[in-house]
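Each structure below is given as structure tokens.
You will see two complexes here that share subunit A, one where it goes with subunit B and one where it goes with subunit C.
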Partner chain A sequence: MMYRLLFRQFLRTQACQLGLLLGLFVGIASLFVGQQFLKKQDRIALEVEEKQQEHIERNIKYHGDDLGLLLYYLKFSIVNDQEPIAALSIGQKDLNPTVQSVNIMTLEGQRYDTDLVNPNKLLYGNLDLGFVIIYIFPLLIIAFTYNLRSEEEETGTWKMVSVMTRSNLKFLLSKLLVRFTPLAILMIVLFALAGWFLKIPFASQLFPFFVISFFYLLFWFSLSFWVVSLKLSSNFNSLLLLTTWLGLVVLIPSMVNSYVANRFPMPEAFTTIINQRDGYHTKWDIEKRGTVEEFYEDYPQLAHYGFPTEEGFTWHWYYAMQHLGDVESSEQSRLMVQKIEQRDAVSKELAWFIPSMHVQLIFNDIAGTSLNHHLRFLKYIKSFHEDIRLYFYPKVFEKLTAESIDWKRFEPFHFKGEKRSFDWSKTLLPLFIGIIVFIGLSAFGARQSFSEI
Partner chain B sequence: MRKDLVRLIASQFGKGVFKSRAMLPIIGILLLLLAYATYSGIQYHDQNHFREDHQHMARSSWENNPDKHPHRMAHFGTFAFRLKHPLSVFDFGIESYTGNAVFLEAHKQNTVNFSEAGFSTGMLRFGELSLAMILQLILPLVIFFIGYSSIVSDRENGTLKILLTQGASWKEILFGRSMGLFIIAVLLITPFFLATMIFLLTEDHTVLGDWARFALIGTSYLLYASILCLVTIAISASSRSAKNALIKLLGLWLLMAVLLPKVSQAAGAYFNPTPTKLEFRAAIEEEVKKYGDSHNPNDPYYNTLRDSVLQVHQVSSVSELPFNYSGFVMSQGEKISAEIYNRHHDLLMARYRLQNLPAKWLALINPYLAIRNLSMALCGTGFESYVDFQLQAEDYRYMLAQKMNDLQIKYISPSRLSGSEGKRDVLNRETWKSIPDFKHEFMSLSTALKNELISVISVLLWLLLSLWGVQYLSHNAKAI
Partner chain C sequence: MLEARNLSKKYGNTDALQDLNLKVGQGEVYCLLGQNGAGKTTTINIFLGLISPSGGTALIDGVEAGRKGRTNHLIAYIPEVVQLYGNMSGLENLDFFSRLSGHKHSQQQLGSLLLKAGLKEEEHRKKLSFYSKGMRQKVGIAIALSKEAKVIFMDEPTSGLDPKATNEFTVICKELANENKTIFMATHDIFNAVNVGDKIGIMKEGRLIQSSDTTTINAHELQELYLKTI
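== the complex of A and B ==
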């Protein structure tokens, strides 16, 4: 009975109506942003499928009699396959291209090409559902709960409540529940819409995403309840909670980010691209035999193709030079990848203590839009590049023509990423601990204070 | 208005604030953030050392090339590393989201790669803690906190009535309190500019006009702070209760600094979709091919070109021409493809500007966006300065490629129809040194300001509007 009254009372407040409306509006907007993102990715993947064969055929027409020259022009596309869930947490995917095309020349010069993006768009960030959950939901929670207790005191009804209800704590908890229910429903509605609108498979993708969001919601409720239970004024609560919000979703992550960026600077990236250029180009000026010898050190199985003459141009020598560009930049490239991995690891460790960051990183992980996922894609490209090189080298060295190759095999390749096993305990533990801590603190405070009145 | 009375009210307000217990933690937190932001700003700026080192490294291997065929050098190419403006220490702007290195070679416009965002784990998307960010985002909260109750509390507890009956006018009280609040804001801002100033004084990488920019940035933030103070006082004077004033101010902050910027940029991006790199390249390739495909031996365009050149020189084959024909063809091809590329690139940038348009124009109603855009532009870390870098890099690339083509046309034997391999048909290595290295020039201050005219107007308009608001309230505010 009381619960229903409280509920009706709360639903009538402006804060509730405005807040829910805002949440619904931004949430739905985020789904459209996600849908546009997915459509764009799908369109590109489709276009690549269509264009690859056409690209191959056209080049065969002009250069079909010289396989070496043909492969100078041919690019092979690799599609980083997109799951629909990526729409909910776009992560690094706006920056890293979905399709990478490589030829059989030096890889390091091709592998790091970024997509074309408006840097201003990146600066403001993607308005995806992840953002709505990490940023907007806590704000709604704060707006709904900051005066949970203090409003009663400030309007003079607290004393009456104390007299009328058996337990103040129970009264506050039922008020909290009244505020929790609409937000939980809003979240469920948004997820249901997301699942239906973006066709996200429930069990494998949407469900884990939802559970984490739900725990994050609980975390903010327990944090707010603790602040409320400190028995401070509404004004102080609102400032304290907003400052906490600012700290958790802006200041601390940005501090961690600059710490990580400054601890692991990346000059190796620049050195890699200079080394790959020099590694290849300087070979034009030296004896051909040495270059091909070095090439055979990596691929002894090809050594029986012998050495080109010092005079004149051969593809054999040309592709050996290209390969040495990769060889001579491999150390710097390895260091760069290592640093990226370190950045990833340190961020994840620190994120354990900062729920907003933790949730963001997990969202990106589930969505397959994390830095780590891109790194795996880069590694896949590397092994793909090696595979096609080793497939074509003998054919080029034997001076075959395009006819000898089954080009149908060269449909665009797809990178699926490994099956993401979802580690529930590791993922939920930080949030769970946070929730327990704040519930504990509130309970401790409650025992001391609520009972007194 | 009696000046001494205004001054008295202001100083009384200031003293009151500094007596309050809450000031100490606020100042403490601000100083902590200031120290951290300065540290990371300097660290970021220090990346210029990496970039300069690599620019030199790339250059020295360019210069160390032996005697070569110029077309080999056209492919050897060089790199452009983007240097940070010294004032990027103050405002990071979009620096972390823009590429930092681009390979400049013949026939091909490469993307500017290796942005900090590309190496980031997604935490970057939470925002970056720079000196400018603290002033834009946190300072309003601090000013609101200090000033939200300044008028309304006095009304609630009746002091206001006493003040008015003692002879102070509404105008004096409102402007006096605004002034008091502004003085506190200035005290809080000053260390941020001192830190930047010390950096500028000790930094070797100076850029012409640094100090003019610095002065303008300082002025704009002072104006921003005064707007914030006046708005705070106005809302405090017009609210029913202190709680009400605080809620209004915090709501305003959330709307202006969190929701509007994000939503406006998202809307701009949603309604102006841009091509991906793949589509962008495909469109250019398509158009270049329509013009003529130099890889196709039977291409009509290049065949006509050849025939007309042969006819003008009255020879029957290209090897009889007085110059190297393949260099000539490449120079034509480069011209065509560069023109097409530049047109597409301009279109893409225009599209990006369309995406940015909502956030740019919303600055008129949102002083947070205004100061944010203006500050970036003044610090050389905004969108336009990045576009400018890309243009300069492409201009250099084109110059370099055409220079190599010219050398080939002039100095390589007309009988060498293809290939660039080997020790014949080479140019002296001294040639390579004579070509200047890439050097990025920062956009001029006047251009930067012109690009952000809307923001400048917005700041001034808001100042007038908030002054008017306080003025208006001084006739209409209620004492009880």
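== the complex of A and C ==
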């Protein structure tokens, strides 16, 4: 077979050897980065499991006779469970908290309490396998294909090839296949390593990730072949392809991000906190009764607890004030979530035309590290917060002590997310269209370009 | 075997070739002489199907050249400098190009072809980047042989070769002609042209202005004619 010789010829080139080594090295490094991420998240989750009861017991020791005070200090943790596939596309999972701890006071003030993250780290993101596929693989494809034809012409072999072969196009497609195969094998090896090393289930998680990566690879090969079919010099091809890479992978996604941020500005991120703080703080200066009445409007089932009769501070009044902080910032909070959702939706729509961005968003969806996933986690926290409030309010109003409560039931809660349905056609269609377009353009160009020198 | 009928080629307003008419029979060696830019390589490129003529027809064995590779199986090509893949050996290059043309030979057959082209056996497995120009020419000849082409086009094949290598090349050309191969050669080497050629044409500014039979002219006369013509 001629392919054997084409492979031999290609595998002997330094570009191939260095490119494949680089791909393998960076790919394996990305798996270690993913493993470290998983370990860190698992460690945090484990520590929360260990510390929650300890935290409750310690506070009961100090404030067990005053449930209102105890609940001022007690925090209940919710763990955003992750699956091993998260290691392949960390997304913003390292920014968004894995564990959120809340008490029964106003939620908005606690919702965005997260770990401190080194801002420098945000600049370069995570070197996960998703990054390697989206950023590094196209560069390898460019390095392998930019001179597919031009090299032959520049070194003088093209004329000989043209005389010897019946179809120049077939010859170039064979060369393209020879360049595609090692990269496809490299990708398979990296996915096999990922499955084994990170214990990722194949059928439900790794397979969709792989299929999308494979189509992304095909997209870049078809784009490169179109550039090759333009019959330009190696220098021009490399310049054109690298500019396209820069545009598709870096510049255009940044522009989309900037556009979306400008189209949906979010002053609510600030005003929610201001409204929440004002909503609570101003209640110190008004009559208790009015505050508690407002509270009962939201929770009529608790109205039978009446109004605090004591002078000065009561927990009943205090938690009503806290609740009103959330009530008065609820519209701002709703608007903020709505705008985040709008940003996400518009980004996804625009990503149909930007394969790198589309693939990144799909990777995050599969890995459970997407913005949508985080929003669902935030919604879960809200409902969890409401549940614990409603559980503890009657007990606080009845002035019970810590002994009356079964604290064992307050193990850390786990957010599992939703079972993600995977829409193959919607996911692959943008890539498929891109591939077809560039194959069409290549075929059109090839009719002219490859028939003559 | 080869025929040019009113063949012409224009690049913009420049006539690279004008109304070329010639015929070369099977087993004949036709040598085309002329200065640089006379139109020799353009003629060869049209026959090879690498460029399209602006007018006229180039026929190989009665088939119009260049139409989607319809004549490719009939032809082989040896350029001034045989450029092959430097990271493969002579044997691998031969194997590669013969497979590219749809021919499959055993390693033994490939070795025999290289030997026939004059490349010593110990050189067969060396990387081509270590080959001299003469050695590359021999691989080029072996490639032409492997293809079993009826017509071999050569573009200044002895340019830059030392006298010994030129002589070896001439011997091989004669052997090929004896095997009924048609050879169409563009050259500057008048003595070699007389030595190996059956017919000689002299081109100037895209026109064939002189055509002779080597049985009627010797090298000295040809040199005088050439100098007078150009």
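Note that in this section the second predicted complex is superposed on the first by the 448 of 453 C-alpha atoms of A that agree within 3 Å, B and C clash if a C-alpha of one lies under 4 Å from a C-alpha of the other, contacts with A are read in each partner's own complex, and residues count from 1 in each chain.
In the analysis below, a contact is a pair of C-beta atoms (placed from the backbone, for glycine too) under 8 Å apart; a residue touches a chain by one contact, two chains touch by 3 or more.
Please read these numbers as outputs of a predicted model, since none were measured by experiment.
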Fit or clash between subunit C and subunit B when superposed on subunit A: fit
Included angle at subunit A between vectors to subunit C and subunit B, based on C-alpha centres and rounded to the nearest 10 degrees: 90
First (subunit B), second (subunit C), both or neither touched by A:Phe171: second
Touched partner set for A:Ser222, first subunit B, second subunit C, both or neither: neither
Which of subunit B and subunit C A:Val48 touches, first, second, both or neither: first
More subunit A residues in contact [subunit B versus subunit C]: B
Which of subunit B and subunit C A:Thr291 touches, first, second, both or neither: neither
Subunit B versus subunit C as contact partner of A:Met2, first or second or both or neither: second
Touched partner set for A:Thr106, first subunit B, second subunit C, both or neither: neither
Touching partner for A:Met357 - first (subunit B), second (subunit C), both, neither: first
Smallest separation of CA atoms, subunit C relative to subunit B, angstrom: 16
On subunit A, positions contacted by subunit B and by subunit C: none
Touching residues (chain side subunit A, partner subunit C) in the complex: 1-2, 5-6, 8-9, 12-13, 155-157, 159-167, 171, 451-453
Complex contacts: residues of subunit C adjacent to subunit A: 45, 48-52, 68-69, 72-73, 75-77, 79, 81-88, 92, 95-97, 99-102, 140, 143, 147
Touching residues (chain side subunit B, partner subunit A) in the complex: 33, 36, 40, 43-44, 47, 50-51, 53-54, 57-58, 61, 65-66, 68, 72, 75-77, 79, 81, 93-94, 96-101, 103, 110-129, 133, 137-138, 141, 145, 148-149, 242-243, 246-247, 250, 254, 258-259, 261-263, 265-266, 268-270, 273-280, 282, 293, 295-297, 348, 352, 355-356, 359, 383, 386, 419, 421-422
Subunit B-facing residues of subunit A, complex: 26, 29, 32-33, 36, 40, 44, 47-48, 51, 62-63, 73, 91-92, 95-99, 101, 109, 112-127, 131, 135, 139, 154, 234-235, 238-239, 242-243, 246, 249-251, 253-262, 265-267, 269-271, 273-274, 277-278, 281-282, 284-285, 311-313, 339-340, 343-344, 347-348, 351, 356-357, 360-361, 364, 369-371
